[in-house]
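Down below are the structures I want you to see.
Each of the next two complexes has chain A plus one other chain: chain B in the first, chain C in the second.
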Partner chain A sequence: MPHHAEQLLHPPLGFGLGLRIPHYEAILESRPAVDWFEVLSENYMVPGGKPRHYLDRIRENYPIVMHGVSLSIGSSDPLNRDYLKQLKTLTDQIEPRWISDHLCWTGVDSTNLHDLMPLPYTEEALQHVVDRVSAVQDILGCRLLLENVSSYVTYKHSEMSEWDFLREVAQRADSLLLLDINNIYVSSFNHGFDPVEYIDAIPVNRVQQFHLAGHRNQGGCIIDTHDEPVIDRVWELYEHAVRRFGAVSTMIERDDNIPPLEELLAELDRARHIAKQALTQIADA
Partner chain B sequence: MSQLAALQRAFQTHILHANDAIQQAITGTPLAPATERLGIYSTAYRLRLLEALQTDYTALHAALGDEDFEQLCFAFIAAFPSTYPNLRWFGANMDAYLKATPPYLDIPVLAELASFEWAKGLTFDAADEDRLTIQDMAAIPGADWGRMTFQTHPSVQRLDFFSNAPLIWKAVAAAADPPQPSYTEEPLSWIIWRQNLSVYFRSLDKDEAWAIDSLLHGVNFAEICTGLCEWVDELHASQHAAGLLKGWLESGMIRSVHFKT
Partner chain C sequence: MSALRDLQQDFMTAVFSAKKAALARHLVGTASERAWRIDIYRNNAVSNLSSALESAYPVIVKLVGAEFFRYAAQEYISRYPSVSGDLHVFGEAFGAFLAPFPPAAQLPYLPDVARLEWLCHKAYFAADHAPFALDRLKQVAPEHYGRLQFRLNPACALFESAFPVDRIWQVNQDHHTGDQALDLSSGAATVVVKREMYRVAVNALPRSEWCGLHALSTGHTFATACDVALQIDPDLDPGAALRRWVEEAILVDFSISA
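Moving on, here comes the complex of A and B:
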């Protein structure tokens, strides 16, 4: 059975959901059987009011992890110290179990494209990202989780695969990984690689969290829309990932076309079931 | 410039200004050529920012209709690329843009709608601070009342409008037919604030608007009483000021009291 290197990973939290505004009241009223919630850090970088009120009440009952979209760890701009200060302040207030952001860039020349732009997989970019992850980890005082993004372009001058780049960043910067199984599938379709080869290349002792989500197939490319249920092929990859990485904290990420909480709870039950079966089979083998 | 920086700048220039230099750095496939792949990013960029503006400016959207609102937003997006880590703040310059840009500058209600909606947003997630209560006031000796100055709750905002923008917003929020835009010679005063997590707004009579503006500028209670003599006789000025103060306290608009000679 896979085992975690305890010195690197936090204890797994079980099965969680992304905390979304339409579910605030339902969560407080029904206390659903969700093990933890992931919050979008930027949504709570506001002075006060409803967002912070609901988060404070929900975190009384559930562990919270923070997930950001604007760190822009791969940008050639200097690190945004104001943003990092806000992130650190929020971290001190929310006391999340861990903090994640994406292995991407979001803009240069002080512009923010508000998108998760893919990096070229070059030695230059790798060293750049490693240096910045180390700096951010020093500021935050903890290991950062980096998530693989869905992408629609590959750069001609990339020198290595995405999975080699991701692994090298995590190992050289001593950071952790948030493996988005859907993103691996989306990018494998868009760029024609084997998603299983990707998963099998990721070090077991660095993977702290999984994301699961839905997407839209537009023919030539799959778009990572987070507005549909998880598809069967992604569930199969999830099962493969559980067999490799063990009991990793897993969550469903829905950002648009948000259904009633019950629907997401049912989807989360499917994740529980798949993980339980996979782990039982490994234990029996 | 490093190869990474050059690549990122070229990609961003493609998204912001449709410059195609980045295409030579992208691998296309028969099923999805480079132009289609790059187009996914360009389209998503505009749609994401449009969605943020749609969330911030529902009444402006309703007033303009879908087509004109989209046209406005795409022009705004081109004029003000986001520099904010948080999409929450992207629409901050909309009222200034409408005031300065034809044809919108000829329809002042549009900028006032934008000002009103943005102010409501600021009130919605303004800082949580304690509020002064009527009970707190009861503990202050009468002899000190004249020296009182007040700090308002961070959610409180004072605005003046020549148009009926707040009433248009109110109708849109209630899914009712909005009134036609109308204007007054003198601006009407409004106050927006938050109580129990809900955002409220109301119009102000001239005396109350003056009193709140004075309070916001640190004028003490005795001076506010004196100033109110412009609207009420001297005998009733203190009583009127106390009545206004009671209303502000009950609405949760006052954060704290201080004393100034």
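Moving on, here comes the complex of A and C:
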């Protein structure tokens, strides 16, 4: 059954940041002009202590979305029911606006790499992932957002492009998408494709959230490290994405080499400014 | 076996055992290009798991230095794969791993320091529990005192070692400003790990008190705990000790056994 955009997507939240431990106190004290925070689900799947204490106080003042790294939706192992139970429990407690994880696999034979591994873009993998996304959405009772990951290898037996695979998963499993603009750029550099072609192939009515991040360019290859500011080329792609997808909830994702909150707020202001300009130009056109 | 499973198993082999040939046949690119691309994933996996160990074992890092720690971490990662998607539980066996680890044989206290750090790591994320008011104990009729059973705070743990692990732990904290002196021959330690305002602390307890608390924490009654403690120190005042344990929120609840 075809859906209309307004039926699929949650209302946009504006401009957010990933919630990181070094900023807990500053957020509570200064109440920064951030529209929402994204939390790493696994960091709060603990019985108690500091992270849960601060999250409970921060979510009194800010909308929260949950972002996971361990769902391993593409693994050929059975779905991890314990993990899903924990995720569901946390969801009931935190009441996030939505839940995301990555279109990847993170381990097999019950061993975890704790890294986001790329899938082969085959019909077999597609069907496997679609079945599992449907099962997870049934358990969680909501549409999952799937995020594109950065990758460093290309499989010989892939039968379609990454963007075709991403689009097919979302449409067949009726899920939503978290587009990481930096990851698109990193993979386009590493594999030599056109990032604009990628963005233009993604259905407008499925994109709920954007990630923006930095990376390390090691010459022949870009490593997705999330420990640097967003680069200009990624800002340009972001502007292109806003023109295509509209006012999508956008956040800066910094996982390492975490700067003072003010620096991330300045980066977030740049996102606000770029999005506003792009949307104004569309409106005027 | 499905093609997807086949590929994923080959990937795991390439990452954890450095045998790249099986994975390389699935990849595009020249031989050298495929090799360095696989190495990115090897480095990422080892670095993510090493970072998790480093953050759980900061004192061990200080004691052995970053380079030795990285070597030990790599050995540990290859022998103890991460079986949970939850990175918080990775590294539990590091103390047991260090005990027979030949390069660490010169530092016999290392395994116990690691075991203590793991208890601290767990205490950091443990469930919160409100302390209870001493007044509640006053409502218990004196004839029931012997049958009192107590609950240890979920964010507390008891640990004993033949080495002064409490001092080793304390002088290696980033915020430690006091006396740096450390006498490794000062003998055994009986310690309690506690979480105070979301910061984990390690405090020494007199052996008598520690044994009494240990008895309580393993389900014994207050009468038994008193016997154990008084055998070690006949001058101990069990009532005063109990008050301290409740006031410091080491014990957080009680019941009267049948």
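What we mean here is this: the second predicted complex is superposed on the first by the 281 of 285 C-alpha atoms of A that agree within 3 Å, B and C clash if a C-alpha of one lies under 4 Å from a C-alpha of the other, contacts with A are read in each partner's own complex, and residues count from 1 in each chain.
Methods note: a residue touches a chain if its C-beta (ideal position, glycine included) is under 8 Å from a C-beta of that chain, and two chains touch if they have at least 3 such contacts.
Just so you know, these numbers come straight off a predicted model, no measurement behind them.
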Clash-or-fit label for the pair chain B, chain C on chain A: clash
Chain B versus chain C as contact partner of A:H53, first or second or both or neither: both
Which of chain B and chain C A:M45 touches, first, second, both or neither: both
Contacts of A:K88 with chain B and chain C, given as first, second, both or neither: neither
Partner chain in contact with A:G192 - chain B first, chain C second, else both or neither: first
Touched partner set for A:G219, first chain B, second chain C, both or neither: first
Touched partner set for A:S75, first chain B, second chain C, both or neither: both
Residues of chain A that lie at the interface with chain B and also at the interface with chain C: 42, 45-53, 70, 74-76, 80, 83, 105, 107-115, 117, 119-120, 122, 124-125, 128, 152-157, 220-221, 223
Partner chain A, residues of chain C touching it in the complex: 2-5, 7-9, 11-12, 15-16, 25-29, 34, 36-38, 40-41, 44-45, 48-49, 52, 81-88, 90, 124-128, 154-155, 195, 198
Residues of chain B touching chain A in the complex: 2-5, 7-9, 11-12, 15-16, 24-27, 29, 31-32, 34, 36-38, 40-41, 44-45, 48-49, 81-88, 90, 124-129, 154-155, 194, 197
Chain A residues within the chain B interface of the complex: 42-43, 45-53, 70, 74-76, 80, 82-83, 86, 105, 107-115, 117, 119-120, 122, 124-125, 128, 152-157, 190, 192, 219-221, 223
Complex contact set, residues of chain A against chain C: 42, 45-53, 70, 72, 74-76, 80, 83, 105-115, 117, 119-120, 122, 124-125, 128, 152-157, 220-221, 223
